[in-house]
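Just passing along the structure, written as structure tokens.
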Amino acid sequence: MTEIRYIKAVNQALWDAMEADPSVFLIGEDIGAAGGSFKATRDLLDRFGPERVYDTPISEAAIAGMAVGAALTGMRPVAEIMFMDFTTLTMDMLVNQAAKARSMFGGQGSVPMVLRTPHGGGLNAGPQHSQCLEAWFAHVPGLKVVCPANPADAYGLLRAAIDDPDPVIVVENKALYAMKGDLPDAPEARERIEIGKGRIVRPGHDATVVAYGAAVTMAEAAAANLAGEGIDVEVIDLRSLQPWDEGLVLESLSRTHNLVVAHEAVEAFGIGAEIAARMADIGFDELDGPITRVGAPFAPSPFGKTLEDAYRPNAERIEAALRRTLA
Amino acid sequence: MTEIRYIKAVNQALWDAMEADPSVFLIGEDIGAAGGSFKATRDLLDRFGPERVYDTPISEAAIAGMAVGAALTGMRPVAEIMFMDFTTLTMDMLVNQAAKARSMFGGQGSVPMVLRTPHGGGLNAGPQHSQCLEAWFAHVPGLKVVCPANPADAYGLLRAAIDDPDPVIVVENKALYAMKGDLPDAPEARERIEIGKGRIVRPGHDATVVAYGAAVTMAEAAAANLAGEGIDVEVIDLRSLQPWDEGLVLESLSRTHNLVVAHEAVEAFGIGAEIAARMADIGFDELDGPITRVGAPFAPSPFGKTLEDAYRPNAERIEAALRRTLA
Amino acid sequence: MKLTELADLYRRMLLIRRAEERLQKLFADGQVPGFLHLSIGQEAVPVGVSSALSDRDTVSSNHRGHGHTLAKGVDLTGFFAEILGKATGLCKGRGGSMHVADLSKGMLGANGIVGAGLPITTGSALAHKMQRQGHVAAVYFGDGALAEGVLHECLNIAKLWSLPILFVCENNGWSEFSPTDRQLATNLEKLGKAFAMKYRSVDGNVIADVAAAAGKLVGPMRRYPAPAILECRTTRVRGHYEGDRQDYRDAGEIAALEARDPIRLAAEALAEAGAAPDLIAGIAAEVDAEIEAAAEAALAAPLPKSADILADVYTPAEV
Amino acid sequence: MKLTELADLYRRMLLIRRAEERLQKLFADGQVPGFLHLSIGQEAVPVGVSSALSDRDTVSSNHRGHGHTLAKGVDLTGFFAEILGKATGLCKGRGGSMHVADLSKGMLGANGIVGAGLPITTGSALAHKMQRQGHVAAVYFGDGALAEGVLHECLNIAKLWSLPILFVCENNGWSEFSPTDRQLATNLEKLGKAFAMKYRSVDGNVIADVAAAAGKLVGPMRRYPAPAILECRTTRVRGHYEGDRQDYRDAGEIAALEARDPIRLAAEALAEAGAAPDLIAGIAAEVDAEIEAAAEAALAAPLPKSADILADVYTPAEV
């Protein structure tokens, strides 16, 4: 085992996937010599050469569209969009093309592409460089969406995404890029993580917090705090947002009878809305209290430090939501 | 009163707004001489001339972006995007620019633009010409979203949207364009409809169906069916999706204690998820049964007739959802 | 061009023409769901371009894609069945006219989004270049699509990376109900020059010219990957879609179309090259029979099962 | 150019330079949140362009927008306060370096999305044309932005509709960490030609040249609306953003920057035009004092209140 950072786990996953399969290639802005804005692709140009690592002009629609076309022609492109906010320029290609090709062509083929992109705040990068837009993609039939919360997952989910025959949006969290965790030294020992399955991060029997991305650590902190008061909180890391592990959440709810959903994205119409709505249907009989949610308030992500700190969800807000549910 | 079709009500709203305010102008593809793909802008070029009605090249990003810039420079642009599916090409302009300008500029100005676009199926137009993507926009702080369900609302909501100082996405429903309804003959008598307020279409005390757009009529039909069995269903037309009338829905729920949410959009991560999630929180104590939802299944909108019919929500499915909630 | 070759191209063009005429009737009879954009008057373009392509070469298309699709050699019955929304359609009735695809023939799909084929095909060309098998990609788009920004992105990248892609513009002068000259302050020749890209313009209604130009442009690409533009001046005879009365077009323009009919021109060329009237009549009879059989089979085919709406959204896990 | 005029332009350039040098220090001290893209070496462009504009003319900008903003005459203290994220900032601390705007000065905002200023400004130019007051719009963008498709859409529409817009490209040869010639198979001159658009290229580090060209292009636009392109060859002295060590640039290129320093060139021009050394020193002293006062006021200003995160998302209903 070696302790590595989240960003290095992403890099290692790309490296291993490219070693394993010559049809995997990378395409994005400044991902070559520069190694990417966050260094996810560091050293890959040196190792695999310019025929596997394509530094593009500033043309996001073309990046996404070329990935679709290359995927339909036998390759496994992994595109990087520098900030999730810039995926606004790729929506036709992802939503009207990548997501629909297999279904609207009657199952003739698949679109084995991956689009990696970082979301989230914490860098005071302001309203156009901090957004969490994953709920849009989760609403689109034909796309899969994953969001790793730690280095091991960053590795395992990205490997699974690259292996996957269908288009997968891999949402990384900028604030987690520096997070440390263990990865096995032997490439064979590094595991893929099944898309669609969540994980119980911390078992508990009084309430369930369903979280993903940066909110997982916040939920753990909230749970640790409440443990001091004898409140035993279960924390689930969804890992995968589309499809998401409905079975795991329902099973947990049927033990704890209380549910909180937490994420960094804007609360209204976010991922948490679907989790909550689904449990208010199929889990209704298990609920002992209101389902509460924690997400960003309904405002663009502000720039200034005090404002961004106030804007981003945190452990205290998850704790408050738990208390409200349990009240 | 004159009986007119939904599409004519849109046309009349544009006409009246342009008569009332010289800063209102139209911009979109084939909206001039051709009067728009669905004839929403018929005769407006003749009446107001090419300096108020701009027929553009096929450049959706520029259409939306120009609307932002013109709005910031004292005008009130009303842009048409021919099918909601093509808004995928306008997302940067709507989400990163229009929605955020006021807030990220510290409240210095507003972006009084409207973007009209039709969603929905029923025309066998296939996967790239039928999508209902309003949940994306409702998730974006700074945007407002409305969706009229009948001719009077098509008029009233569009007028309100044009008056509104902030960017409003007006989602029309293609299948409703032919729907008939009354509009007063005297321009002064034609009313605006307040954005953010819903309407009780049919009062009832056993269950509430919250719907919008084409689903409103379906919900009414379901309610009429169940009335025969002595089940008394209240139907709410949301009218406005962002902001939506939380108070009205909660008040209804506190009388009926059962909730169904219905829309034509894909169910998963749709508008209904937020309504349900919110009521599973603030309305939890009022609920007597699970909150059920009706929406399209998780697949692209298929082309063929049998498939599209099976795909689109209808009164039967709303009825079934009501029964499940009431069971 | 040899007579047999010309006859073969004529045959393919006629097949497209008759297929679309059949669709036109079926549409009028209410048998075709959705929008139907016919390419009558434009048949020489895809037939000429496809004459330079193999099954392993890829093409992608736009909303007016029947000709592109048939010229690429897809199954005729599956084609009709798809447009009629039948279960036996090439896309199982889930795509329809605007989405016919046949990946086994390198046909990456018609497309309902103007301009969307451009980056998809550019990506396909990148794949071909990486795979080093000498395959190329071609994208069909209309003159209206020249206004979409993604064209610019793709011309730039295709040139920058020397991708084996043929940009085929069908310039019919119309974008829906508007003449394209009211939508464009430039043209493809000028854009080609701006990107230093090989460019040829041909009369897109003269099959020999299109085929020759396509052959000249595509041939070298297979060994020395590089993009090229082929602009085909052509004629949209029908409305933007069926049901469009075209009252925005003037009589003179419409009257002039007949003289430029690519099928007629090809028949004349055939006759000039010495084809016996028999040959032409024989082709016509064969094509008619083929169309009839395909249309009948498609009409008789079953509708998709409602239960299938969730099929093929994702690829099933391998077992 | 008259001495007083030149002195005034010099003064404005120096103000931008000193403001950014101050920001550079504040950033190094950890006082500036977020990303900071400095335009040191590019000051002549916005100062020259703004010399042709009034407050009612609109401009929009990109991520490297400090010069564009200050040259448009915004309040210096509000500018500093914004970049420091203070409540008294032009945008109340909600925008920061990449989003400084001052609508009262016609400054429609810096922008974090490459290319996004293009359609916004095109729309602003359309508004100006409709309003018939002779106002014009100008958009600043980098050479890297030439790859974005929206440029193509806007060049086309601006030309087609004869909009009064000046497209100002700051060509500094870099797009983040990559030389732009590896990203572009064309250039703005060629694109300008493709759209038959008036085009001028100037040494963007020579203030008199930029000002003269801007004046020549903007003047006629006010009476006869039409677009024009002004390409300014300029120099990015600092990294893409502060913190960028620029190890991808070679020593020769960096060493050559000094000789092209626009401030130095402007000072030389002033001296040549007969300015006394006193004049230049006097300007420097004044600018320093102004910067110091603004920076100090901004540093002393309060942070925004956390409770304000929901403010200004929507416009309050009128009472």
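By letter and in written order, the chains are A, B, C and D; residue numbering begins at 1 in each of them.
We adopt the following convention: a contact is a pair of C-beta atoms (placed from the backbone, for glycine too) under 8 Å apart; a residue touches a chain by one contact, two chains touch by 3 or more.
Chain labels with UniProt names: A, B = Alpha-ketoacid dehydrogenase subunit beta.
These numbers come from a predicted model, not from an experiment.
Note: the chain lying farthest from chain B is D, by mean C-alpha position. Between the Cα centres of chain A and chain D there is a gap of 36 Å.
Centre-to-centre separation between chain A and chain B, using Cα means, comes to 30 Å.
For this pair, chain B with chain D, the centres built from the Cα atoms lie 40 Å apart. Shown for chain A are the residues in touch with two or more other chains, namely 56-57, 59, 61-62, 85-86, 88, 92, 96, 103-104, 126-128, 141-142, 298-300, 302-303. Residue positions 89, 91, 93-95, 99, 111-113, 147-150, 153, 156-157, 160, 182-184, 313 of chain C are each in touch with at least two other chains.
A complete topology is adopted by the chain contact network, contact being made between every pair of chains. Chain A meets chain B in the complex at residues 85-86, 88-89, 91-92, 95-96, 99-100, 103-104, 126-128, 131, 133, 135-136, 138-142, 242, 266, 268-282, 284-285, 287, 289-293, 298-300, 302-303. Chain C contributes residues 147-153, 155-157, 159-160, 182-186, 190-191, 193-196 to its touches with chain D in the complex. By the touch criterion stated above, chain D contacts chain A in their complex at residues 33-35, 85-86, 89, 91, 93-96, 98-99, 111-115, 144-145, 147-149, 175-178, 182-184, 248, 303-310, 313. Within the complex formed with chain A, the residues of chain C that make contact are 58, 60, 82, 89-95, 99, 101-104, 108-109, 111-113, 116, 118-128, 130-131, 137, 149-150, 153-154, 156-157, 160-161, 311-315. Residues 25, 51, 54, 56-57, 59, 61-62, 64-75, 77, 92-93, 96-97, 101-110, 141-142, 144, 165-166 of chain A touch chain C in their complex.
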